[in-house]
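The data blocks that follow each hold one structure.
Below, subunit A partners subunit B and then partners subunit C, in two separate complexes.
What follows is the complex of A and B.
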């Protein structure tokens, strides 16, 4: 019997799922992703998390609980760093331990460290630790790692064509070219808005209250940090006097700064979750840079547990009025 | 004479405004919503219909406020606009050249920055509603003073005490402590006004360039203590328009006028809707684990609108059946 590994549809899922999935599948493991966020997942997450955790962590807890009883392993690598001299949020590091202590009868956790902080450390070595659980042949693990990296590259390419993560994953799963054409880069003649925020906030339809879908319905094109190649994002972030060591914060700042100087962008929306530590700094930095230039309509949205959508709708509508007003 | 109706259904008050073609207010009503938006709206429409001079015809209607969709469905509004835009439109029509709008309502507060007559930036309170009208209401009733006397009493203060304004719960306990130590009421109330202004400027007004002319509107602008506290904190004069408490409705009326001039027709259903039987019902959809709370608006026994479903299964089914009929 093939073992099944559960992958929560949360946190860095939208960044790395194709890599994880391809790697595990190449080792002969079947994978199971938790369903899209719904009320039950969120409620379970809230109930089982410590109070001071942020919404994305609480949500990830809900996704882990959703997988309990359905899988043999839960894939929760302890992602310390994904780029040299940079870190991922500290709450992510502690997450496997939070799960182990909060969820009774949790399946075996795959919580190997992924730490690329040191310029000489190799992702391959980190993944080997995980691969060894399912395969004793190091050559096969190496091959799995290579195909996994390939699939991450093709995934990022799809995102850069402004295809949404879930659609991009679907394309990769069925390798359908026809399907891809349905998601053209710009699907409306309306203004283009840059939506800046962590992937686990803006792409989760439930907690973002489907902000992307709403904007599209209002006739707006949406671009994000993921639409840009990594070099451009990093280039944008060099505006800071000192390198930011939060990878995710750097993504937000770099893309915001880039879009700020792009004449095709009519407005910037910044989404952050309530109680996010790094965002308290990076969000503020972005806001200040934008206010300094004062050339572009800007909106900051804070997400938390509320289910009432009226607040988000009112702000989005007012923001778009502002965008259209400015356009004349 | 042609007239235009603006309706603002807010959490605390429901306001109606009737304007003429020059955007002058013919009639305005400020009613407490009391948790019954439909009934209050109908009551307001009845009142207005009774006062309406014979020669006036309503040529357009606009709705705003958190109940704008509900009110829009019931009255057949020509335009349904968010409250930020309507407040900005109304402020710049009353005080031309307005650069800052400070608005504090029942459950929300907002700041709108206008430059050259258009909105260039805005912010609304995020997860906290401390310092909005409903908190002041609650404190007034705890201290057993009518809300109307709140402002004048605060003006009598000689040395306002410092109250922690960051959170409504803390503010209340701080007020109680001060009151038990024997500070007099005017000083406590003025201290509360200053704390709320501080909280507003730190949260909603954070990073915003607040320039004169500034307009202070929304129900809380009735409180002269708040006006004084704003002027003290900002160092600029703060204007309170005559119809400060119905500015959202005024903005909606102005936008309805623009809209109907553009389209040439109005969908306004007339004042008779005030006498029809509307009621709201709802159910929890069990189609998926989201268990959306779907709201249904009935006219007599027919469902005329539905919302609250994330997937659109219920709200779209109404739109389709309307197309067929």
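What follows is the complex of A and C.
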């Protein structure tokens, strides 16, 4: 029987899921993704993490628990670094060990290191470690790696068309190509807002309180870091006096700086989660930079596990009032 | 140029000695107090960790008494400390402070960068003098650490409460006054003599507690609410997993000086609980707890500033270590809201628990 590998719908899922999924499927493994975040998943995550952990980690813990008992393996690579001389975050580095300690009857974890910190290390080698679990033929693993990379590239292209991650994954699953023509980059005539934040915060409908959907309903176009090509984001981050060593922080700062210089953008919303370490510093740098360079409506939203929607709605509405008022 | 640097425990004694030996004018910040904390946390980002807030407060207070150049260490992550200098400098600039910033980064591209920064501070001094200065600073750190260890042993056993701390602060003065490397051995001898004169009851039963956690919180008594002294007065002998001289030897001398404890052992003891480094001292905290348990300590206290990322990983893993190796672990998280009374109550409760366990062990034996 084919083994089943569970993939939690959390953390870097929104960045790399097509790569992981294609890779595993090409090796003849069936995959199972945890359902969209709901109250139960969040509550389980909160119960099984230390209080001080940040919201995304607690949420990921909930997703892992959701998969327990349903799958043979849980795909939880230790993502140390995805770019040379950069890290993700200490908590990503320790997450597999945190899970092992918090969830007693967790299925076997696939926790091979993904570590591209040294400029000469190769992603292929890291994936080989994982592939070896399911397949003894190195050629087949190589082929799987190639198709996986291809699907990541086409996924990133769809994101740059301003299609949301979940929709993009669906398109890739049905191989629908006509879709492109239906959607233009901007689907309303309203102002365009840049939404800056980590993908696992802004694209998770439950914890972000569907901020993208709400903004769209209010007649606003939303662009994010994912709608920009990586080179532009990295270019934006070069204004820093010292290269930032967090990949996700680079994304936030680079995209914020790029959108700040784009006259088509009428406002910036910065979303971070309670207890996020890197964001405490990068958010500060972004805020100070914006204040110094341009008067643009700016909103900083911090997400936590509380579920009151009213506060978020009020702040979004007030922010949009400001945007409209500035536009005259 | 008047150079200042952030406080971290007794780091200033070594740094000041080193810089003044090179003829650099130094203005260390006033000792860290509540005022420092209020100044820092007012202007720092809310979720930044406590050390950043205190650094900022230190710089603001140092500027008032004439400092104009900041000497800071850098880093390459993933701990936030590596970006402290840049963020703090940004905030200080927005507040209108006129500081020069010199960040000594670990040499990543080329060693020349690193040497150029040191050159900037030291001016045209010959390299052998710079090396001598670094040695001088290290010697002071080592003596201070030795004195601290004596104090940690004597505090729970002292007959007159407070006599150890009195002797320790007079001994410290001797070290601070030593102005040349050749004065150090004599100062050390006198200091040790002072410490040895404290009357103790050697047969008093004491519980042994290991302290692990984030380096700044461990080394700066203001941040950890003087936890070492409180524990000592409650009758606990304390051992700290990180000492300044060991840290210098590990990170600046790359372990050149043999015969001292090294953080390598701690990292090696961390698997299978924590199998990868997580930045900061996260892996060392887990490993040191394992080592303390094996060395027969009665309990371990973990100290961390609120939102410290590496230590949160360690905190999540320590309950497993504690259950496996049967060693009680207390985690204390500190931030600008921390208060004395709450901490002391928790420490007392923890010591009660350890004493109970200790007595049970005695009965069973």
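Here is the rule we go by: the second predicted complex is superposed on the first by the 321 of 328 C-alpha atoms of A that agree within 3 Å, B and C clash if a C-alpha of one lies under 4 Å from a C-alpha of the other, contacts with A are read in each partner's own complex, and residues count from 1 in each chain.
In this text, a residue touches a chain if its C-beta (ideal position, glycine included) is under 8 Å from a C-beta of that chain, and two chains touch if they have at least 3 such contacts.
What you see is a predicted model, and the numbers here were worked out from it, not measured in a lab.
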Subunit A as common anchor, with subunit B and subunit C clashing or fitting = fit
Rounding in steps of 10 degrees, give the angle subunit B-subunit A-subunit C taken between C-alpha centres.
-> 80
With both structures placed on chain A, which of the two partners, subunit B or subunit C, ends up touching more residues of subunit A?
-> C
Given the touch rule stated above, what does A:154 touch, subunit B (first), subunit C (second), both, or neither?
-> neither
Given the touch rule stated above, what does A:297 touch, subunit B (first), subunit C (second), both, or neither?
-> first
A:4 contacts which: subunit B (first), subunit C (second), both, neither?
-> neither
So, A:326: does it touch subunit B (first), subunit C (second), both, or neither?
-> first
Considering only the touch criterion stated at the top, classify A:288 as touching first (subunit B), second (subunit C), both, or neither.
-> both
Which of subunit B and subunit C A:87 touches, first, second, both or neither | second
Once the shared chain is lined up, is A:40 touching subunit B (first), subunit C (second), both, or neither of them?
-> first
If you take every C-alpha pair with one atom in subunit B and one in subunit C, what is the shortest distance in Å after superposing?
-> 5
For subunit A, which residues belong to both interfaces, subunit B and subunit C?
-> 274, 288
Residue ranges of subunit A touching subunit C (in the complex, touch as defined) | 49-50, 52-54, 78, 80, 85-91, 93-98, 100-102, 113, 240-242, 244-246, 274-281, 283-285, 288, 292
State the interface residues of subunit B toward subunit A in the complex, per the touch definition above.
-> 66, 81-85, 118-124, 126-127, 207, 288-291, 310
Subunit B-touching residues of subunit A, taken from the complex the two chains share | 38-41, 206, 210, 274, 287-288, 291, 294, 297-298, 300, 302, 304, 306, 310-311, 313-315, 317-318, 321-322, 325-326
Which of the residues in subunit C come into contact with subunit A in the complex?
-> 45-49, 74, 76-80, 82-83, 86-87, 90-91, 94, 103, 105, 108, 273-280, 282, 304, 306-310, 312-317, 319-320, 333
